[in-house]
Structures are given as structure tokens and as C-alpha cells.
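Please find the structures below.
What follows is chain A paired twice: with chain B in the first complex and chain C in the second.
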Partner chain A sequence: MKYTTKCETIKILNLSNEQLLELSKKNLLSLSLEEMKVVRNYFKKLKRNPTDIEMETIAQTWSEHCKHKTLTGLIEYTEEENGKKTRRIYNNLLKETIFKASIELNKTWCLSIFKDNAGIIEFDSKNGVAFKVETHNHPSALEPYGGSATGIGGVIRDILGVGLGAKPLANTDVFCLGDPNMEASKIPKGVHHPKRIMKGVVSGVRDYGNKMGIPTVNGTTYFDDGYIVNPLVYCGTMGIIPKNKINKKVEFGDLILVVGGRTGRDGIHGATFSSIQLDKKSAVSAVQIGNPIIEKKVLDAMLKARDLNLYRAVTDCGAGGLSSAVGELGKKIGAVVYLDKVPLKYDGLRPWEIWISEAQERMVFTVSPKNIEKIIEVFEKEDVEAVCIGKFTNDKKLTLTYDGNVVANMDMKFLHNGIPKPTKRAFYKVSEEKIQKPIEMDSSEISSSLASLLADLNICSKEWIIRQYDHEVQGQTVVKPLQGNNIEISGPGDAAVIFPYTVIKGTKKGIVLSNGLNPQYGKINSYKMAASAIEEALRNAVAVGADVRRISILDNFCFGNPNDPEILGSLVRATKACYDVSKAFEVPFISGKDSLHNEYFINGKRYSIPSVLLISAMGVIENVENTVTMPFKKNGNKIFVLGITRNELGGSVFSKISNMKGGAVPNVFPSESKDIMKKIYSAISENLIEACHDCSEGGIAVAVSEMAFSANKGVKIDIDAVNIYSHLECESEGGIRIMTPAEILFSESNGRFIVEIKPNNEEKFKKILGGAVFSEIGYVSDDKEVIFESKRSNVKIQQNSEFLLNSWHNTINL
Partner chain B sequence: MFEIEVLTKEGFKNSRGEHVLSDIYGLGIEDITNVEYSTLYVVEGDISFGEIETIASELLTDKVAESYLIRRRDAEGNSEVISKFSDTKETGRLNHNFSVIEVWYKKGVTDTVSESVIKAVKDLGIAKKIKVKTGHKYHLYGKILQKTLLNTVAKKLLANTLIQKYKIH
Partner chain C sequence: MKKVKTLILRTAGTNCDYETQSAFELCGAVADRVHINTLIEKKNKIFEYDILVFPGGFSYGDDIASGKILSNEIKNKLGDEIKKYALSGRPIVGICNGFQVLVKIGLLPDPKFFKQIFTLSCNDSDKFECRWVYLKVEKKVRRESNCIWTKNLPDVISLPVAHGEGKFVSGNEKFLDNLNKNSQIVFRYSLKDGSEPEYPLVPNGSIGHVAGICNKKGNIFGLMPHPERYVFTLQHPAREGFNDRYGWGKVIFQNAVDFVI
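Our next item is the complex of A and B:
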């Protein structure tokens, strides 16, 4: 091999273990000693040292970000419960839990799962619908605006890069942040204030999503001081794709076309950087800046080229840049890339920088030579740069050249399968959850707790964020994020519904998007956290009219350092819950992503973020007319609660604001909940439900209040009529006591919905509900007073709905 | 080399300045009483005065709510105002003490607004090869503003020093 002066040889053949590690650290390769040894042995066999670009290619391809080493690696898991230890070995955690559930469920409407840039399910006989959610945490910590903008830009490209390209219809975003009102003196040195991060990430998503002409329709923001240094930014995109455009093909002799933005020094080491803890010295070049105008042009032009059948495969340039995109496409056959042909923003980039730069707005296409002129013409017409940078071979090697000199030459097999599987240890101790001491509160205490709950950061209105986003563009958002009488009077919708009538002419079908997450539960029980997140996402979707039999879900794990056995242990527990709950609800996972190593150091001490599993749900509904919103509709209508209220206040918002000790975290009872979900779908389809709202954070009290104040109506609720667990099955069990009014109102038990029914539909509704647990608890009133009363406990809470609306509305106003 | 400064006209809401001021209060700083914001564009290349005036008035300024100033800048960084939109005042509108913080991207950081400006200049029919840099200018009003206080405002609110640099004057 002949090297240019711009390409260095890295001498690793004779390095000691310590030196190997030092090299990995110095060059930001994020490779472990085991991995470095494998690399050294590979080049020993080749009897030469690697070039810098070869080392960088290996580091990118083997990065946690690209390879998901932890979730697909060997894990030795030990679980301790009641002093008893059980052990289990996972050869591939992902395949043995999340993926396994989907395989076993074997839904014929799942068209492409876990193999492409996004999951695809069937929309109708001719089209599929794709959904992907990504994280962009570390870039957003350093530069909130650029980080979140490129987060949304990246996930939009995932949708453009699924199959032969889907047309994006909607975006979602979820943030986990520190308290924006925190005193500046409490923020560690060198860290952006949470308010600055919040403003930055919101405007990043706003500016990118709005300019792309894609509505941002669903999301949430979760606040916890554990996210001050390491905020989490999740961005999702949903798009529609013709069924005959789902499969990619790459053939010997096909040309590699890079399209869109030029390559610069931005975003170098993004993929490996995601496996490094955040600290003050974090690399400048890890920051990426987005340009939605270029991406919009790429989108428009590529969909034209797709419909003209001008290319065989496409993928986006995300983490790892060209190295990852070309490597993925050519891994089975081989590829040669002429790096000097890649269009650059400015001169002076070294070959390895060109190869791994994560400059934004680039896509890579596989084009048959006969179509190359035509496809370049399509892109040029939209003023998009498209340049042929190489071709696919059949030598099963990755060859890179610069100015005619070979600068890298490696076996694809080594690159993609050569990574050693280290064994990681995981440990989880199941802690006992005890029901708290009875919460005895008088009427005025409950009343003020309700106002505090509504004003809590994790329940309050996110209008400040939502209204910055265009959630209407494309004109297909039929169920919107804020629902109510008018702009001043609104409540939080459970899920968004997109009616894609402009893309699929004549359709009546719709797409429901929702999410669920609760890191607070994870602090006590990561199994229940994961299970509850899945159920919450499903409930949110069902509440607007989705059929639980046609919902698919995505997993996004954000955890701390997986080398810490306890953190990995909680991750294993969460994936176990994913398997169990996915199977029980018969709801398949179709795609997912993990972001591990979310940890940081302050004064030398290590901190991990509160672990999160975000579940994003996508459902296809038969008729968009059969959807409902959450505000109450008419005075005199009856209110029912579906599902059982249990004494489950562990990790609840109430437990946080009242400093409550103990409490059981809400559990999931799939057989109960699934039955109720199916019945709600039937009732909505028969037009029997006027309003429906998921009951989660803050419990029945918050859900009912939201339904009332968003309609500027009153409501009267009989607390004694709520079905509680102790009433139903356990009066004889002695150990389980009757819940107090505060416990009934604020418990966050899963599986519950509040629904509003017209009196003359009551009989039909009850017939549909059949054997499910439900009870009538009150009615909508015209006096604008929200009343919860328990005669048994002599408690009456009465608040004006406008007062409650203001409590909910005024917390976030930056 | 020309510098175009686009500022909010008197009588129109200076919303970005008001946001910054509220954030400054959020930091616990009460010495600053008002903030005015303007956008800066530095245009380099073989371009005539008439063309730069067209770029400022037709492309970069919303003539209803904004006005502009054009300065000629030399290599040493000296500048003089050579044109302005109607009666635009050069140093802010309030006759009080003030300091100025300018924020610019560091070299090598992608400046997407500049890319759009270059494209739009071409679309205006000005077929010259130009380079554009964009920046932000904040006039901070207050009695006597200490340098340390200005540094705090710059670092905590106005510039992300990872990708931007700032100048106080």
C-alpha cells in the first residue's frame, strides 16, 4: 500500500496492553482493550500497521452507537429477590427479549422490523407506515440548539433512508431536562443552565421541523434534577412508504452517490463520543449544525427519483458519516470509495476526517450506472449537489483511495463481524415495596395538593413548547396536542392522529402517535418502569381511538454506564419487562435505539442520569372519524372510570410533592388492561364515547380536572364509587386496607381510563364493557365547579375549573 | 468588506432583546435595564456599494419593522457608516450608557444563515462570488456595566463558547 502524506500509519503491532488503551483514549476511538487487541492481531496477520483512517473506520463501525455492543453482547445477569439469587446468561440481550417478542408475535402487518433505519407496519394494501425515534443527548448538552436541530434532522433522514425512502408526515419530540427555574448558583460550573438548554432544544426542534414542513405533533417533557448536566433529547419521525419501495438491493458495479450537504469538519467523532462520559473537555468538533433548507430539497428531489426508480438502495449519513453509510450498504459485497471526490465545505480535511465526518443533510444512494446521469439531473433540478464517490465491488473488501493512493483496505467481514463479544456483568436487587402509611388528609389539604399536582413540572401545561411548533402544517393533523374550547382554554391530548389524505387519496385511515415514559418509577423498580411506559403509550393511543390489536411500539433506552453492573442489571430488568408486556398485549416492537453512557462527573464524582425507557407507539386506525378528544362535551353526561384503582403511589408525582415515604410502584396487569382497551375501541367505533382520557401522572383527580377545565365545565365525582382493589377481591385478606380518599384520587395505577358517555348510550356502553371492571363515578355539570366527594370519609373537594386551569397553565413560561 | 447591521425600528417590538433581558434577570443580574438586538452580516468580495445597498434593503431587511446600517470595514477592523435606512441611529436609540456584545461563529463552524444569504444574493441577480459571515449584536443598557458582568452575560446567555466567540466593546 502506498500512503499519502495526509494519511498516517498508526504503529500498533508492537504495543503493550497499556499502550493500546492509551492510543484508544488519545485518539477518541472508544475501543476497549479487548477490541484493540483484536485489531492488533488482525493487522499482525496482514503483516502491516493500520492507517489512521483504518483505525477510525473500525472505531466507528464498532462504536456503541452503531453496533449496540451492550444490548447485543454477552451478559451474565444475577438477580436477587428476598435474599435468593438467580443467574442467567444472555448471549444477545436484544435478540432474547425485545426482538424475540416481535418474532414470536409474528404479526403479518409488520412489514420491516429491526433491520432498516426505521420499523415499518402496514397502512393499507398498497402502503406501509414507518416510525423511528432517535436520541441526540450529548450533542444537545454541549450545544442545545444545534444538538436538537440535528437530532430531528437526523431522524427525518432515517425515515428518508428506510427502504427506498418514506415521505415524512409527522415529528415527535421528548425531552428530559433539569428544572428550568433552578437557582443559577446550584448549577455545576461549565454546565448550561436548564433554562438555556430548554430554550435551545425547543427552538432547535422548532426551527428544523417547521422549516422542513413537517408537523411536530406529539411529545412530552420530563423534569428531574438528574438531567441538569446530561439532558435527554429524543426526536421521532413517522412517514408513509409504498409497499413496493420497502426493499433495498445493492449489486456489484452499482455506483455510490452522495447527495445533499457538503462534508466539513463538523461532528467528527460523534459516534464514538456517544460512548464517552460528558466532561468539561468535551470535543468542539462533536457539535453539528443543521441546515433544514438543504434537507428539504433533498427530500423533495429524492422522492421524485424514488418514483422514477432511479436507485436501488439509500441510507442516511448519520453517526459515523460515510464510513457507516457505505459500510452498511456494502458489507456483504465490498466497496471502493474515492475520498478526493467527496464535495467539501472547505479545504484542508484529512482523508479520515472526510470519511467519518458527521456533517449533516447527506444521503448515500446506490445507483445502477445506466441511471447515474438521470438521477444527478433530478437532484440538480432541485439545486441539490449529487456526486458519485465510488462503487460497489464483489471482493468483500472496503477500499478507500485518496488522490489515487490506497489509504484503507480491510475485509468487510472483519469490520462487521470481527468485534469481540466481551462478557459484561449485571446485577439487580429487587427491593421490597411497602404500601405507605395511610394518607389521611382533610378536604382542604387534598384540594391544595390537587392544585400543586396540576402545577407540577411533570403534569403542567407544555403549551409554551407545543405552540412554538407547527403541528398543523401539511393539514393532516386531525387530533392535536392541545384540546379544548379555544386557545386560552385547553388540556393535554393523549395522542395525535394524522389523516394522510393528501398522500393517499381516498383513504379513511389514520395514524395514531403517542408515548409513555416515567423515570421516577425506574428509581424504585426498573421492571415496572418499562412495563408502565409501554402501558401508558398504549393507553394514550387507545384513548383517542386506536385499536390495541394494530399498535406497534418503539423502544429508546437512555441509561448510565453499562459497565456498572447495577445499571446494566436495571437495563436487563427493563428489557425483560419489554418482552413480557409486549407478548402479553400482543403489541410488537418494530424498531428501537439505545443511548448508554449517560453519565457525568462533578468534582471527580460520577453521576448517572435517572434511567429512562421511552416507548413510542404508532397505531393504524380504520376510520379517522372514529376518534375522540379528552375535554368533556356536554352537561349531564355520565362519567365512568374503567379499570381498577390500586394503592400504587410509589414514584408518583403526589409522593414527590408530599415527600411521601414508601409506596408501591404501579404494576401492569395486561389481561385486565388489554380487555378494556379492546372494549374502548369497540365503543369508540360505535360512537358511544364522547370523551376519553388516560389516567396516569396525578391519578384520577388530575385526569378528571383536565377533562373539566379544558371544556370550561364542572364535574361531580363520587370518590366512594371508584372501584378499588381492596373492595373487589381482598376484603378477606385482612392485610390490605381500604384506600383513603387521597390515595384513591392520586394513585397512578395503570390500566385506567376516564370516559364520558351520553345517558342514552349508557346501556349499549355497559353491554360492550361486559365483564370488564368499570364504575359510574359522576356527571358533567354546568356550574364550572370541580367536585370530588366521599360521604364515607366525610371529604369534599371543590375547586373552580378556571382556578384549576390556571394552576395547570402557568408553570412554564420562559 | 461591508458590514450590514439590521435592527428593529423604533416603535416596533424588540422581542429578541426583551427575551434576553428577561433571561438576564433570571441570572439574578439587575444592573442591565434594556437590551437591543440586531443582526450582523459581513459581506466580502468584489461587490459594489450599489449592490450592497440592494442586498441590505431588498434581502436582509423587513422594511416595515426593521432598518439597517451599512459600514465599510477595513482589514484592521475599523469601520465607518456609509449608508443607512432613512433616519436610523447608529448606536441604539436610548441616550444612556451602554455596552455592546457581538457574537460570531468560530472558524470552521457551519454558518447556515450565511449559506442562505449567498444563495439569495445569487437569486437577486448579483452574480459575484462573495463570502458572508453572520453575527449577533446586543446593546446592553445600564449605568456602569462591569466587564466581569458582561462576560457572565456573554458566556451564560449570548454565546456558546464551544462554537462561538464574543467581543465586548
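Our next item is the complex of A and C:
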């Protein structure tokens, strides 16, 4: 077949509105009519038609993926509660909620927030730590292995491309998937089976992450039928960077160096494709092809070049490829790129394809002419291709040439600021939450519920996934994702701690990584979903020894179509919670990302995902020796629950397995739980805590069981001793009442920890707790029996800890 | 006192080089991470070093088979130097992917043959697995082996493994007998009490539960587990170790450094 490398003119000057829209659709530009009109007017002024490459550049730069136009656009928000409507206009949702909280908190240890490829906080006097989490949902739906591999590969490049480059220390991954054991006949046509997706995405992260030599230390997998058609794949990377390498500079005359992988036809339209609903015709060519070893070579060599001060700026080629990378670096001064110089995987690419291809493993460097030979030599010595493709100018224009002909010439200002602000409508109706009728269960019913909860997909062991990831490479994972007192048995850790001793010689400090998400809560109340996600992420970090005063968080929204006012309404509600809770805990957001349009069309019917906000937390720990794990340590030690247990079973795992309707979704009480978090930190710093575990899905019953079976120990718990709160905000059917044993055991109230204390530390521990709400609920026993008893209700649950371990352990084995 | 110099050989896809460097530094040695291209350019540079390390990772992506491309490259471009170095009696260790390389070059079981005799194949579980295991040093081995790397260790230690291809396989019974006879099988997977393990404590299905072997002379050592990931108690799942501070992996590196001194 003959191919062409011609650049074509797109005639838009005389198109009607309908024709403009048709053109946008036909060429996968994903531009709205308003946007197309602005483009047409711009070229009318220039008195010429655009070229294909100019249209593609605009579409990429203005894509939802690169511009976040929903979160930064105009939103007319209406909220209805108890029949009363309130309105509010947001000029820029992000700036008026999440970003605003960080600005107001003004933490001096936040070194770079919301402006670079990742957020950076202070690690010590000389170094910062950077963290970023990305989504790669649509590619993973079409091609799970390639989608997740390039997802992790892409976020690693974000860390390489932050400041002048950070050294990656750890990866995280979170998946939201359909039930892998679902009957094949129930899967809609044109959709991969959840089992295939799960195997694919796990293998993708495994192969890319392991080959990069970066440990995957934290994450979770969430199962809900709503993710069958549109799975979610979140990948995160944390890295360490010297403080004096945080700022980029681009100067007139600097050369543009493209380094690493070659450019091919893979990943064309990735950026614009992410804002289009998936259907069975979606093009797999939008999925990129990854090669971790090329990226590993880039990593090794670029850190060398960084430390030799051979470049002034760097950024990754992610969504939008060279167009996005060069466009961002040169947006204030201008740039010229000679597209025929870009190294290609094969001949035959048209200029616009070279420019927007999302081929992987490429980084773009800004190099002063005097260093160009030296830097190319550093790369070539390690077999990394590095080619100069253009230079930065001072004409504030983007100029592209191919074989000597100018194929694009546009104002940077138009490209970056010309996008019209869309106005979107958002609506949210706050639904009433009622406490369910008392849940009366006898001992054997509670017992069997406990076993079912442990075996539930959202609580059960994820060992099958975790062990396929090298979570120990670099030797710095000192609090591991699976935790045990020996190497034979382990339970689910709350967070991971990295001790970066190979990079920062002599340090005692560590970096904690954790996460929180709960889409079930979002189905009922998106404010509480967001608030709970933040609280859970913090709680997980605090449980291993983090100081809540030194934790930063990232937001990652995955929602359905934002043009649907109700979906956008729930997004607005969630961002409000982000502002409130971030402010109340004084925990700043440092970076974030949104992936909207997560939906899929089958036979004309729209399927939208259950909306979810993932919160990823990163904190700095003063002394890694002062960290704890979750298995119980010694017989006879006392067990405390910190925090108040409320009747909050709405959206709980228990309500799912027992088909319970109603119930209140767990709320967040920041002052109460922040106080407890600070006190846990003090107690861990003074070595008073033997084991600590966050109490979340499945409630006290699940948390205590996990602590027991991961230690191969027994436990005796007095249900009546748990501090409960009966004056609820929402009224119970039948008035205020005391909680039943099942409700106490399975409620998912936020703000609670289970803690193990040596008897002789009890006094000191209680002194630290002071006025916080806590109760002593039992002790660790030597008979390997897990017992929960309520004399008041005449209930006694007794299960062998090995039986519980097996219930928890054996669900996922693909 | 003389500073012991260690060369950690790296190439595309090597990834345990930093922690291996830190482990040798902790033992008082100088350790340089050297790219193979540098060594090929200046072949005699290798003789400036007292200890040679093939670290873990995925050299060249483990395309074809684990360690295959790197071992061919070394054999073709540095063959004479490597053989000479090995026969000189200087300590050489290959960890995980590095063990694969030693085997495929033929430095193990004996640099005199300089030929591959056995292999490390795909795990029985057919997947990459990262977990801690127990390793046993048998009484006979403790008494009779010349291995300089595994001295001063207790009967059973634990170390992490992380590999998809680590199953020790040999079609040659006589070869296995010889390894046994010469006390060259220095590490076998075991239970905590030293008895016979099952999966997952034999993570890969190795014949005879072999986890690490040395040459007859005892200077060349290859193992699948990662001692460089256990030099501090902090790195152990239950924070066990010795002297309240160190992990048992450190002893392995210390042995080589002390041998040179």
C-alpha cells in the first residue's frame, strides 16, 4: 500500500454549525460546537484554512484530558435538600474548592502543588518527595494488559518529568472491576469478561512495574458490577527529588531534545479518545504499546544527566505526545519543531501523526546549546536515543515544519488560552438517610455473616495480586502490604512505608503511602463518599505510624458523563466535601486528576460507572523505627477501640451481603478523629502501641478478626464494652435506640482504630488519650479462638482463627 | 586498612544495583555501579576490583530467557577477562537475574568448564512471586563447603525472593550428585525448623529445593533470593535479625569483604 506523508488543509471557514460538529466527530477531535466556532473564527482572522496538524494540535490541547475543562469551567449548581433549593455558580470548581483549601492551609512544607507533573512536599532539609496518581481507564477496557502497563509507565514518567526529574521509589495501583467469577452470559456483547480484564491489568502493572525496578507497595481492588463495562485503573508513583532540582526553566534559543522511545502510530488520539464514550467500535489503535526496558534506560541515564546539570527543563510525553510536551514547555515563549527529525519506529507517519502520537517511553528535554553534545553522549553511552528536534523561540508562536515546509503556525496564546469556557448545569438532590430497623441476629447468624464478610470480594485477601508485584525491590519497603509476625501467615496492612536509605544516606525518615475509596457510599451520598475516602486514607497512614500533621493527599475523580447534570452535581458535592475535610484536618491536596466520561453504550443504552473519588495519601515519617503493623503481637495484651461506633450501615459491605436497604452512610467528624489521630501518633512515637489497624469495611468484627488470624492468635472481645453513640443525626425508625450486637460489630463508622497495648503500658497510653473516646474491649488470647460476646444481648460468636484466615484468604485465585 | 573494591555490573533492565551497592558499603567496601558499555570499552578495568557482582533485575527485559542476552554479551565481548577473573579466586556473586547470568555464562557450576550445564526455569506456579522464604544451610555443607559467602550463618535464615523463573532444573543426575558430594548446594528452601517445605515456601518448585549454589572452590556464588534486601532488621517482616540492627543478608556480603581483606 502507498502511504502519504502529506499535510492537508481542512476547509472550515465556510462550514455551517452542523458541518463543524460533523467534522469534529469524524476526525475524533472531541471538540464542541462552541469550540469549533472559536477555531473557525481564529482562522477567519488569519484569512486561511487550518492544516490537519493545526486542528489536531488544538483538539489535543483543548481535550478534557489535558485541559480539565469541566473542573475548571463554569458550573451552575443547584442543590435540593428537604424540598429547598439553593443555587451557586462556580467559575472554576477546582480553584474554588480543592485548590482553595491548599492555598488557605498554606503549608510551608508543600514545595510544589498543582503546577507540575506531580505534587512535591518536603522530605528533609535537602530533598522533597513527589507523588502522582493517574487513571488509564478507556485503554484498559479495550486492551487490559497494554492499558494498565502504559498506565503505570505513564505515571512513572510523570515522576521522571517533575521538576528536573525525581527518582521513583514506589508504585501504587487501584483497580475497580466487575466480579471475576461472573457468568459469561451476563456480560454485555463487545465487553471483555471481568476475569480477563483483571488478569490483564494485574499482568500489565506487574510486568511494567517489576521491570522498572520500582516496588508496587500499596493499592486496592474494588469490585462492583457497575465496572464491568468500564473498569477503572489507577496507577501512582512516588519519587524523591533534591530540593534544588524542583524548578524548570526554558529560555530563548534552548534546544528541544526528544529522548527514549521512537514515535509510532500507537496511541493516536489517546487524549481526545478519553472524552468519548466507549462502544464496540472504539479503536484499539488509541491504546499505546509499552516497553519498560526503554523507560528503565531513560531513567538510569537521565538521573546521571540531571546530576551533571546538563538540562534546564524536562517533561514527559504523555497524553497528546510531543504536541502536549513541547506546547507546555514553550507556551510562554514559542517553539519551532522540525517534525522530519523525530525518530520513527517505521516510515509512513503523516506529520500530524508524528506530532500527536502517544508512543511511550519518550521524554522531552530543554537543553542549552552549549550542553547539547555532552547530554547526547550521556544518553548514547547507555544506548538511549536522544535527538534534537527543534528549539525554543521568542515569537510566542508554535511553528512546525516537515521537509522544510511550514505545516503549522499558530499563536501560543490562542492555543493555550483561546478555549471558550463552557457552562454546565449541575444538580444534586440530597436524599434522606434513615437508620434501618434494628438488626436482630442470633449468634450463629452473626458468625456466618462474619465469615461471609471476610470472603467478600471487597474485604478478602488480595494476595494473589500483591505477590505478583515485586513489593520489595530497592530493599526499602519496611512496612509491607501484607503483614505478619512470621513469613508464613500475613494479613492486610493499612499502608506501606518506604525507608529511602539507598538514596538519602544516613536518613532515619520514611515515606508512608495509603489510599481510601468507597464507591458504595457514593451511590447514596457523594459528600460522605468523598469525606470518608479522605478520612480512610488518613486513618490508614496513621495506623502504621504517620503524623497526620505531615500528610498530603491527591484527588482522582472517576465519574460518568459530566454533561449529565446529576452526575456533575454529585461531582460538585464531592469537591465540596474535599474542601471541608481538607480544611478541617489541615491536610492539603498537592495534585490530582479527573477522568470523566466513564460510560459505555450498548444497543443505545447508556451505562455509567458508579462515581468514585480515590484519595491517595503520602506522608513523611520522622523515624521509620516508630512504625507498627496490624497483627496482634502477644497473648494477654489489651485491646482498645478508639473512636465512636455509630449506627452507620448505609453502603456497608454488611448491607450488601444481607440485602439490607437503607441505613445511614458513615459520616466524618474531623475534630473528633483528628484528635485521635494525633494521639495515636504520640503513642506510637513512645512505643506504646504493639499493633494498630484501621476499622473500615466490615467494621470492628472484620478488623479484629484480621488482627487475630494474621497473628495465628485468638481474641476475646466484649461487645457491650464498645463505646457507641445512640443520639444519631438521622432518626431511627422507632426512635432513638441502642445498637444491636450485629450493628456494633459491622457498622463502618469512620474515625476508629483497633489498638493492642501491653498491660504495663496501659496507664501511659490512657494518659495520652486524655479526653478522646475510647474503650477497652478485650484481650489477645492463646487459644486461637476469636470470640465476640454480649452478655446484655445473650450473644456469643466463636470462630477458630485459622477458619477465619481461610475464609478471607481463598476468594481470589485466578 | 585496604578499601575493598566492588564492581556492580549493570545494563539495560538491571534494577537491584542501588541496594546491592548500599549493602557492600554497609560492610565497609567501596562499590561502583558500572555500565557494561564502560567495561567493554575498557576491558581491563575489571581487574581493578576485588569483588564482582551480577545484581538482580530484568537484564534486557529477560527477552528470550532470563539473563540470556546479557550472558551472551558477556561471553562474546568479555569472555576471556571474566574467565580469568573467576579463575583468579576473587569473589563473584550473582543474585536472582545475576544467578541466571552466572549459570548461562557457565561460571557455575565451574568456571573451568565455562559452559551452561543446568538452568533456572519458569516457576511451577507459572507466575512471578514476591515473598519471604526460609533457607537452610545443611550441617554437611557447613562443615565441608568451601563457599566463602555463606560462612557464619545460623542453620536457617530467611530472605525474600522475587522471580518468575527460578526453578533449578538439571537433566543430569550425575551432575546433581557431584554438587551434593562437593557440598556446593549451600542454600536449600526449607521450613523454619529446617524440615522439608512445600509450595509456597519452595516458591518455584526447584529440584532438591535448591536455592543457591557455589563452585567447588567456593569463590563464585549464585542464589535466587535477595540478601541485599535484608541487611537491616527493619527490612524483615517481623523485624528480626542480629545485634538488634542487622539482617542476615549482611553477613553474606561481609563474608566476601572480609575474605578479600
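Going forward, the second predicted complex is superposed on the first by the 796 of 814 C-alpha atoms of A that agree within 3 Å, B and C clash if a C-alpha of one lies under 4 Å from a C-alpha of the other, contacts with A are read in each partner's own complex, and residues count from 1 in each chain.
Everything below uses one rule, namely that a residue touches a chain if its C-beta (ideal position, glycine included) is under 8 Å from a C-beta of that chain, and two chains touch if they have at least 3 such contacts.
No experiment lies behind these values; they were computed from the predicted model shown.
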For A:Asp266, decide between first (touching chain B), second (touching chain C), both and neither. first
Regarding the shared-chain residue A:Tyr501, is it in contact with chain B (first), chain C (second), both, or neither? second
Under the stated touch criterion, which partner chain does A:Lys656 make contact with: chain B (first), chain C (second), both, or neither? neither
Across chain A, the partner (chain B or chain C) reaching more residues is C
Should A:Asp470 be classified as contacting the first partner (chain B), the second (chain C), both, or neither? second
Partner chain(s) touched by A:Ile293 [first = chain B, second = chain C, both, neither]: both
Under the stated touch criterion, which partner chain does A:Lys523 make contact with: chain B (first), chain C (second), both, or neither? neither
If you stack the two complexes on chain A, which partner ends up touching A:Asn210: first (chain B), second (chain C), both, or neither? second
Between chain B (first) and chain C (second), which, if any, makes contact with A:Ser490: first, second, both or neither? second
Just chain B (first), just chain C (second), both, or neither: which does A:Lys784 touch? neither
Chain A residues where the chain B and chain C footprints coincide 291, 293
Chain C partner contacts - residues on chain A that touch it in the complex: 206, 210-213, 291-293, 296-297, 300, 381-383, 466-478, 480, 483-488, 490, 499, 501-503, 624-625
Flag every residue of chain A that touches chain B in the complex, lowest number first. 142-143, 146, 184, 192-193, 195-196, 264-266, 282, 284, 287-291, 293, 345-346, 359-360
Within the complex, which stretch of chain B touches chain A? 23, 26-28, 106, 108-112, 115-116, 156-157, 160, 162-163
For the complex, give me every residue of chain C touching chain A. 10, 12-16, 18-19, 21-23, 35, 37-38, 56-58, 60-62, 127-134, 158, 160, 162, 192, 201, 226, 228-232, 234-235, 237-238
